[in-house]
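What follows are several structures.
First chain A sits with chain B, and in the next complex the same chain sits with chain C.
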Partner chain A sequence: MRTMALAGFAAVALSTAAQAAPPERVQVTGEIIDSWCYLTEIMYPEGSAHHQCAIWCAAGGIPVGIKGDDGKVYMVLKLGADSTSVANPGILEIQSHKVKVEADLYVRDGINYLTIAQVVNDEGIVNLTHDEYGIQPFGE
Partner chain B sequence: MGIASLRGGLALAALILGFLAVPGWAHDKESPVGAAAVPVQAGGPFALIDHMGQPVTDRDFRGRYMLVFFGYANCPGICPTGLRGMAATLDILGPEGERIAPILVTIDPERDTVENLGPAVAKIHSRLIGLTGTFAQLNAAAKAYKISAKRIGWTLQKQPIVQHSSFIYLMGPDGKLLTLFPPIMDPEQMAAAIRGYMS
Partner chain C sequence: MRNLIGVAALAFAFLSPAAQAAESWGLPGEEIVRFEAKVVDVLCELSGDCPANCGGGKRQLGLVNDEGRLILPLKNQVPFAGAAYELIDFCAKRVVADGLMVTNRGYTFMTLQFVRAAPEGPWKRANRFTAKWAERNNVAADSDAAKQWFYNDPRVKDLVARQGKLGLGTAADKEFLGE
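And then the complex of A and B:
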């Protein structure tokens, strides 16, 4: 299991809206991941070997994340004009893709949340791990 | 597609079993000046039926915090993970947790009837409150909380596959959204965060 320190939680956890800071507009580059499998390492957590699982997990409502090239993990709340799905399980089409997104970053309770305004660049699946695991990642 | 479109049953084809204590998501950058604003707007009035068969509204919970999760009792995937996480969080909070009403709002009213919800929620936590209702009532609640639920296919066992929102909402004593938590969040971390809001 991955260990991710909850750095500075006590310092940033606030109880009143009056103390809330506005989000920061950022560009994040990284791989779209299935947050559950990534954090728990139940299955091959990244790349093409995990593509099918990632789609099913996202379809089931498991939050989708981005493993950033900066080493951080971001939780995706929204994509584009999606305004009805807070959990945003609908970004199936870009699961496992390497993307660059423009988004608002909300850091709250030690978690990095993104509401994505747009996908600036989509390189597709570039993390080809399926040979390593003997997985057929894209079906027959 | 709303909850009403989910007739025929819901089954989640998630692949993971059991409760998982997931450590917190990395936040190792310089802390901003204060936490960011809540990234979503969610919550609002609802009028539903609890697992004891009693009508309840959001106003019945005024003065208490609410941990609200939308899912369904027989979900084999993210729902039990989120709900068990909520249960573990309550246990960690101990007496402090008595100020919180943990709530499961079903997205499967056909299966999650009053008769079925009681035994189901009792298996998860003795204080977990199951809420069901008519499709119209549940659709209204889901809309207020910006919950989406959509049947997207079928398993080989001919069970529907449904994608649905799965974040846990922490509502304040005034019924307004304080924050949300991922369903995979470590209960210790969630409990610490809740203490921060309750203090």
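And then the complex of A and C:
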């Protein structure tokens, strides 16, 4: 019985450790994006052409991401002290911007998650895609 | 091709029939799935920052399946809306999730089409966002305003009025759109 209890304790401890691996402090530079449109490629998903749609999706609670200059996609779970990640007002304000953030990075089951400590640099929208792609997805 | 997929996916989001089983949206790398899982607050799961009731709808919610894998649902059945609104009532509970698992651009994520309390609760279509939005904005859930919530959301209208549709200011919109 004691062996079973020890095994159970070890399993719980291992499970907790696996789920609570410490984050890595990183700096990420990239464009704030709507994760759904970008990852599904259902439309052109970047820059000024997609800005209005990206606002719709962020306001609708779809996870906002950062498309890093390193080619990775990061899901944003927190901005500063605000742990709102469903329609976060601060993130809505900087949707489609090119930013550099300092953040804690958690990687779980193939997805990169960020809790952003601060936005180090905000260049605004610099990815001017509307001349080529119009306004996504409805053209207006 | 990409545009065709986009139009098809949007059409499904608007017009998907009332069957209580996931349907293809024609997305690249999609697979129809149904599985049991526990609903979790993703930030809590990762960092140990765990407010009551999974953050009360303000946080992204995930699904931890029986293999311990954390699955992130990005989307529900409402145009331009996410899945947290559909899962918050099941915080920390087990559900049956029905939808599409999509693997594309090197990432795997889910779109939630139906959900129910495990194992045999009544199915709920993952479109309750609309009713919740309508209630917050004092319109009928079946009104055109609610169906096209993205044109009528006060936060969106305020942002677009200030930033423009392109995000470059209203003058840039006028020049581009000829308005």
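Here is the rule we go by: the second predicted complex is superposed on the first by the 109 of 140 C-alpha atoms of A that agree within 3 Å, B and C clash if a C-alpha of one lies under 4 Å from a C-alpha of the other, contacts with A are read in each partner's own complex, and residues count from 1 in each chain.
To be clear about the criterion, a contact is a pair of C-beta atoms (placed from the backbone, for glycine too) under 8 Å apart; a residue touches a chain by one contact, two chains touch by 3 or more.
Since we're looking at a predicted model, the values are computed, not measured.
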Who does A:105 touch here: chain B (first), chain C (second), both, or neither? first
In the superposed arrangement, does A:24 touch chain B (first), chain C (second), both or neither? first
Examine A:48 and indicate which partner it touches, taking first as chain B and second as chain C; both and neither are also allowed. second
Thinking of the overlay built on chain A, is A:60 touched by chain B (first), by chain C (second), by both, or by neither? both
For A:73, is the partner it touches chain B (first), chain C (second), both, or none of the two (neither)? both
Tell me which partner A:130 touches in the superposition: chain B (first), chain C (second), both or neither. second
Report, in rising order, the residues of chain A that make contact with chain B in one complex and with chain C in the other. 15, 19-20, 23, 35-36, 39-40, 42-43, 53, 56-57, 59-63, 73, 75, 77-78, 83-87, 89, 104, 106, 108-111, 113, 115
List of chain A residues in touch with chain C within their complex: 15, 18-20, 23, 35-36, 38-44, 48-49, 51-53, 55-57, 59-63, 73, 75, 77-78, 83-87, 89, 92-93, 95-96, 104, 106, 108-111, 113, 115, 125, 128, 130, 135, 137, 140
In the complex, chain A touches chain B at residues 1-15, 17, 19-24, 35-37, 39-40, 42-43, 53, 56-63, 71-73, 75, 77-78, 83-90, 104-113, 115
Touching chain A in the complex, chain C uses residues 2-3, 5-6, 9-10, 27-28, 42-43, 45-49, 51, 55, 57-60, 68-72, 74-75, 78, 80-85, 102, 104-105, 107-109, 129, 149-150, 153, 155-156, 159-160, 163, 165-168, 176-177
Under the touch definition given earlier, write down the residues of chain B that touch chain A in their complex. 12-16, 20, 22-29, 31-40, 42, 71, 77-78, 81, 143, 145-148, 150, 152-153, 161-167, 178-185, 189, 192-193, 196-199
